[in-house]
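Two complexes follow with subunit A in common, the first pairing it with subunit B and the second with subunit C.
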Partner chain A sequence: MIAHLFMRQGVQILFVLAMAPLLAGWVRQCRAWLANRAGAGLLQPYRELLRLLRKQPVVPHEASALFVATPYIVFTTMVVASALVPMITIHLPLAGAADAVVLAGVFSLARIFAALAAMDLGTGFGSMGARRAMLVGFLAEPALLMVLFTPALISGSTSLVVIVRQLARHGVILYPSMAFAAVAYVMVTLAENARLPVDNPDTHLELTMIHEALNLEYSGRYLALIEWGAAIKLFVYIGIGAALFFPWGIAQGTSSAGLAIAYALFSAKLATAGAGLAVIETVFAKLRLFRVPEFLGTAFLLAVLGLLMRYLFGH
Partner chain B sequence: MPCDDLHPDTAWARLPGPLPAAHAWVDGKSWRALAARWRTEDGQLAALWGSDERPAGIGFVVHAIVICGGAWRWMSLAAGHDDPRFPALSELFPEAARQERALFDLLGISCDVGDTRPWLRHEAWGSTDFPLRRDFAEGAPKVGPADPSYPFIPVRGSGVHEIAVGPIHAGTIEPGHFRFSVVGDEILRLEERLGYTHKGVAKRLEGLPLAEGGRLAGRICADSTAAYAGAYAMAVEAVSACTVPPRALWLRALLWERERIANHLGDIGALCQDGGLAFGHTQFGLLKERWLQTHRQLFGHRYLMDMIIPGGVAGDLDLAAVALLDGECTTLLQATRSLQNIIDDHAGLQERFLGTGRLDETQARALGAAGLIARASGIGRDLRVFSPSPPYDTLKARIATRAEGDVAARVAIRFDEIYESLRLIRAILAALPDGPARVPCGPPCGVLGLGAVEGWRGPVLAAVTRAPGLGSHHVHMHDPSWQNWPLLERVVLGELVPDFPLINKSFNLAYSGHDL
Partner chain C sequence: MHVPIGLPWGLILGALILWSLLAFASLFIPKAPRIAPLIFPLGALGALCVAAAGLLALQGPPVTMVSPLGLPGLPFHGRMDALSGVFLVLFGLTTVAISLDLTGYRAREHYPVVARIGVQYHILLASLTLVFVAADAYSFLIAWEAMALSSYLLVVTDHHTRGARRAGFLYLLIEHIGALAILAAFTILIAQAGTGTRLVYTFAALHASHPDATVAGIAFLLAFLGFGAKAGLVPLHVWLPQAHPVAPSPISALLSSVLLKVGIYGLLRVTFMLLPTPAPWWGLTVLTVGLLTALLGALSSAVQSDMKRLLAYSSVENVGLITAAIGLALLFSAYGLKALAALALIAALYHCLNHAFFKGLLFLGTGSVLHATGERNLGRLGGLIHRMPRTAFMMLIGTLAVAGVPPLNGFASEWLILQSFLKATALPRPYLAMGIPLGAALLALVAGLAGYVMVKFYGIVFLGRPREARLAQAVESGPFERAGLGLLTLLCLAAGLWPAGAIALIRPAASLLTRADAPITISEAGARVDVAHAAYAPAILWVALGVVALATVLVLRARFSQAPRRAAVWNCGHPVIGARMQDTAEGFGQPIRRIFAAFLAVRSHHPAPDDRVPRYGSVVEDRFWEDLYRPAARGFEAIWAWTAALRPRRIAISLFCVLATLIVLLALAP
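Presenting the complex of A and B:
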């Protein structure tokens, strides 16, 4: 039984590791289609990772151990985060180990290390990127917590497993408070994953970068880990979103057939979310940097409104 | 008429060619006095450069061209033999400052006041070697790596720090160094450092016969090749007393307008991309690509290189080609209009464009803005209207101006100019004169020749000076980016660092075109 539990956990982690680049490729391909371009294909991120892994990394002379350690730390935290979210099944040994608040903390840990490593070299772009990443992060995090508290109030627990079990048991009920939380969650996801309209993942203009500016000095396998980690992060964010707002189809039992259906359903959710992300990124232009606090302030406000609605009216 | 009552001590000689231009030799006193008067009459310094005329016994010569009320005034000043000096014009015309610095870098002619830091000089030449001097040995040994001690002007204060960008960038773009002094993400000061693309073009042009230099002149700045080749051809025709057939003049205008449209399409697409709207980038990229493919099909080169030659135009159009070009105008007009509606209605993109990088008219006038940038700040300067050479005198081009001077205005000007150029192209195609498209251009006989074309960035100039007996000549090609680069430093003050690429793209100035 225990062995089965950990096998399921291991399979989910492997699934995330293997599929995260595909999700990134899918989003890019959808963006290309929406812009009337042919696109590079779904497998392009795998080719890029392979290319980076083969390349000899170049580490600046001034770099400290922190600089070299950070890609591993960031990658590991993302893998840990992927283990904590009940995406396929609620019977995960590690999912119970941490609740939603800890999950938010895991993401902050990665952000702090990325920012420290960027400042480690003392280059203009690194510290600029670190400053901007922290600006986005410290505004996005409270909004994320507020979003998580609404389903926590509904289900009476901050544990994602309990939330999923409760929400799925309620059946298809439309909670207005959850609608507010869902919109806020989409906004936070865009900001946290360095997507348009907050950051432009495709830009080559170093002065406009947020996430990319943190990684300018990385190359080879270090860059591969960071890129892979970023893909996993997006994957996990969609996983959390699916667990909170579309928990139906996450396996409650332990049968193989149930698991297979859960995997298929989750893949469908991913594809839909990826396509939706591509639409958002096509329709919106990039915000002026100092509009980002307003954007995230709006997300926070929406999340608080959802929370209030639940708390005061019980919707 | 202002600017026409000339300085009494100065003998003005009308220059050959279609431009209403006159030339005079002046002394140091009238050099300053004339410049001062033109400044008060809203004259614009079109170009300032020098030449080494020591073989002719005149020593070093400094030339300046000022456009004043539609009249072109070219004055030349003998600056001496051993320690050439001249009175600076940068106090009157701020846009002269960098050209004065380049004068010293290339020829060792110094002026009495102003910034003495190098501009085009990156330690590639010894401190006493000046590459444009006639006795400069080509292939002289390179001297050391670039000097890291270039004195940027520092900004001090609590929380101020510098961001150094370039000359090598994260994307595939031209080399330029930008030194920002910032507090947080707000720009307190920007200083440009260019001159990384020096190829010795001016030196090479001296070594080529005038009739053959056109190929090289058309390669100074590839996105303006028709304008450069056109200006060069006009200048050479002026010193060769060559009369270009009307059909060639009309075909040249056709090429210039097509070049303008191609660049404006590309720029609007790039501005959409920098604003984060990839859709616009792809759509305008597609329109530009089709436009360039027509160039390739009808003129043999995507960017129209080597089409305009001294004496006329290298190719000609048959009736089928005329019909094809006319039809293409209709298609492009519809496509551009519908895309403009999308862009104008896109709140997010307009939020980025509106009010960003504002250059008001007062500043633009004081600093001598040229071309498209001036027109976006409400200054209606366009050679096609103020010095209209055929066929623009009959086509009656309309100037597009906007008063706002922000990125949005520079986008709007580009749209307006696309529509106007499409109208001009159709008018040209409808009334294209018959006859030959080129005539043989005789050997050069004159001393001075001036050519000017309103390229898509602004006026592109070519000035030829010849020493007839000695067979030596100098060609100066001038890009409007000389005037507009310093404006970029001005408009970003108080803006956000991440908005700089957008503002820079809305200017889209030449790195290579002003570094010869």
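Presenting the complex of A and C:
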């Protein structure tokens, strides 16, 4: 039984590791199609990762141990975070070890290390990137927690497993309060994953970059780990969103048929979310940095509205 | 003695006697420098005794004693219960580390200074112990005053500088406003409990006297004011950012880790164990003040450029979090939800412990940095991770703990606080059930800001390039300092990895205060903590992180094992890199100044277009100076000027007025 549990956990981790670059490729391909370009194909991120892994990394003279350790820490935290989310099945040994709040904390651990590593070399871009990344992070955190509170109040617990079990039991209905929370969640996801309109993942424009400024000095396998970690992060955020707002199809039992359906359904959810992300990124322009607080403030208020709705109408 | 002294009292008495002897012996340090290396390690031994006594008090039932000291007919009463136990453990363990650090500190100061610190420090330790075990208003206030005065003297150790004297005066002033409020609170309670000529002054008798709602409310407000001044709650927090930077670093550590917690201890002791069942507005007041304190502390710490002032504001923030959790506990017990009150109290006490450990660690670490570089200003530090690698590593642990990220201890207690906030839906009033989760969002903002502040602190002090040439001469801290830092690092790791142990330790205190057990279950050999099906298992998380990290390293080493090449920094191809191009403390605070301008008093100076030498600058002050203290000071000065004008010129008339007032008051007395 326990061996089975851990096998399921292991399979989910491998699934995430394998699929995360595909998701990144899918989003890029969708964006290319929307912009009437041919695109580099779905497999491009895999090729890039392989190329980076094979290359000899370059480490600056001034780098401390923190700089070298950070890619491993970021990658590890993202992989562990992916193991905490019930994406396919609720029977995961690790999902019981942490609730949604811990998950938010795990992400902020990775963010803090990334910011510290960017400051390690004492470059202007690095420290400015660190400052901006932390700014977006601490503004997103209250909004994210507010989003989590609505389902937590409906199900009486902040554990994702309990939330999924409770919400899925009620059948395919969308609570009005959850609709508000879902919109807020999308906004938080955009900010936390350095996507448009908060940050442009495709640019190294010095004045606007946030996420890219943190990895400027990384190369070779270190950069591969960071890029892969970022892809997993997006994957996990979509996984959390699916668990909170579309929990149907997540395997409640332990049958292999149920698991197979769950994998298929989750892949479909991923594809939809990825396409939606591409549409958002195509339609919206990048915000100025000091509009980001307004953006995340809006997300926060939407989440609060959802919460009030839940109190006032009980839905 | 009426009760035979058991082991806990033996340990406490032993520590008190030891510290008194050490205080006395410190006087002779200038004459006989050879005794100096012994003083502080022996003090650490006393602290260990106190921690052991606290542990014993947590295991067993409350033990009381009546000491032969005191005025005739008014003996001192002592009592050690679970609440004292938690704070004795906190105080004892932190003090061991601080005493170890002072051993190293001693080696680099002049003997007269060391002698002074030795005397005052050990008197402070003794009076702190007495505060935690006092069981009547009389001995409590005496111990309180001894603590206030000895800590004041320690704050002004460096009394040759004007800044230290001013900060010390502010500390003494606010301390005494607080002490007066506490005295008034006790006086009201004693006055209403008095029957005939017998003076009721023990805590047990005061609790049994059941004051009515109005009296209890007034006493509560006064006690909250008094203990809030000690703990550093808004608006009486202004002494913290002034006193911490001027005090010697180990003393700053003691101030932040222990002395602020004395205010929390007093608040808990009086509101939960002296006064009757709280009214809802008490909890709401404490909760609001706590949240406000947390937010202002976090915002202010983000814009500081003095590293000790930054940490002092961060302490304000943490005390705010603790107070908010206590307010929640008061609200829960006002509505009879005792188990939830116990949950909130466990969260508050756990955060007390954690804050003592990580803030002690950071202040001792800044002491090492200060010693190595002579610099407190963030704008002149940088790159110390290469010069002081061990200190930097231990400070990294402390930094992450303050930032509140798993799997360290700061996160564990903040998680519990958040969980108890979410339980507010059980409150019967809709506005509370709806409003308090918004408070939880404020907590999340504060936690996020703490992360921002800590990245700023650590990144600017330890990472990057040295901003001054002489930082290249900085050396690693000495063995005693490292031992102190190491002990606190271990405590941070232990309290973070094994929350079940810390909760089991605190649980008796929360049960004592609320007479209920908190709805926390601990499973899987103590690794997992559950609150309403939401679990946190840091040990499992650590194992998972470790396994994945190891697997990643092994796989990469097996397949892609090219050794990295060392080269110059790329920096987008910009060839010139100087230490001046790094972000400064002011730069890091800039987004906060801009977004939260309404909460801060910012005075910026921008150059005019025709300036020969453009000058940029901005000064951030505490808003409370502008909006509260300066107007209040002006008002008082006006009143004084008026009374001075009224005052008769001859002293005989003044004396007559005093006498007349006395007679009138006596005539009015019932």
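Note that the second predicted complex is superposed on the first by the 314 of 315 C-alpha atoms of A that agree within 3 Å, B and C clash if a C-alpha of one lies under 4 Å from a C-alpha of the other, contacts with A are read in each partner's own complex, and residues count from 1 in each chain.
As a convention for this text, a residue touches a chain if its C-beta (ideal position, glycine included) is under 8 Å from a C-beta of that chain, and two chains touch if they have at least 3 such contacts.
Computed from a predicted structure; not experimentally measured.
Check the residue A:106 against both partner chains and state whether it touches subunit B (first), subunit C (second), both, or neither.
Touch status of A:106: second partner only.
Should A:290 be classified as contacting the first partner (subunit B), the second (subunit C), both, or neither?
After superposition on chain A, A:290 lies in contact with both partners, subunit B and subunit C.
Thinking of the overlay built on chain A, is A:207 touched by subunit B (first), by subunit C (second), by both, or by neither?
In the superposition, A:207 contacts subunit B only.
Does subunit B (first) or subunit C (second) touch A:128, or do both, or does neither?
Both partners.
Using the superposition described at the top, determine whether subunit B or subunit C touches more residues of subunit A.
After superposing on chain A, more of subunit A is contacted by C.
For A:34, is the partner it touches subunit B (first), subunit C (second), both, or none of the two (neither)?
A:34 sits against subunit B, while subunit C stays out of touch.
Looking at A:216, would you say it contacts subunit B, subunit C, both, or neither? Reply first, second, both or neither.
both
According to the stated criteria, A:282 is in contact with first (subunit B), second (subunit C), both, or neither; which is it?
In the superposed model, A:282 contacts subunit B only, not subunit C.
So which bits of subunit A does subunit B touch that subunit C touches too?
Touching subunit B and subunit C on subunit A: residues 124-125, 128, 131-132, 204, 206, 216, 289-290.
Which residues, counting only subunit A, touch subunit B once they are in their complex?
Residue list for subunit A touching subunit B: 31, 34-37, 124-125, 128, 131-132, 196-197, 200, 202, 204-208, 212, 216, 281-282, 284-291.
Provide the residue numbers of subunit C that touch subunit A in the complex, in ascending order.
382-383, 385-386, 396, 400, 403-406, 411, 415, 418-419, 422, 425, 430, 433-434, 437-438, 440-442, 444-445, 447-449, 451-452, 454-456, 458-460, 463-465, 528, 532-537, 540-541, 544-545, 548-549, 552-553, 556, 559-560, 562-572, 574, 577, 579, 581-583, 587-588, 591, 594-595
Where on subunit A does subunit C make contact in their complex?
53-62, 64, 66, 68, 72-73, 75-77, 79-80, 83, 94, 96-99, 101-102, 105-106, 108-109, 111-112, 115-116, 119-125, 127-128, 130-132, 134-135, 137-142, 144-146, 149, 152-153, 156-159, 162, 204, 206, 216-217, 220-221, 225, 289-290, 293, 300, 304, 307-308, 311
Which of the residues in subunit B come into contact with subunit A in the complex?
Touch residues, subunit B against subunit A: 161-165, 169-172, 184-185, 274-279, 281-283, 286, 346, 348-349, 351-352, 496-501.
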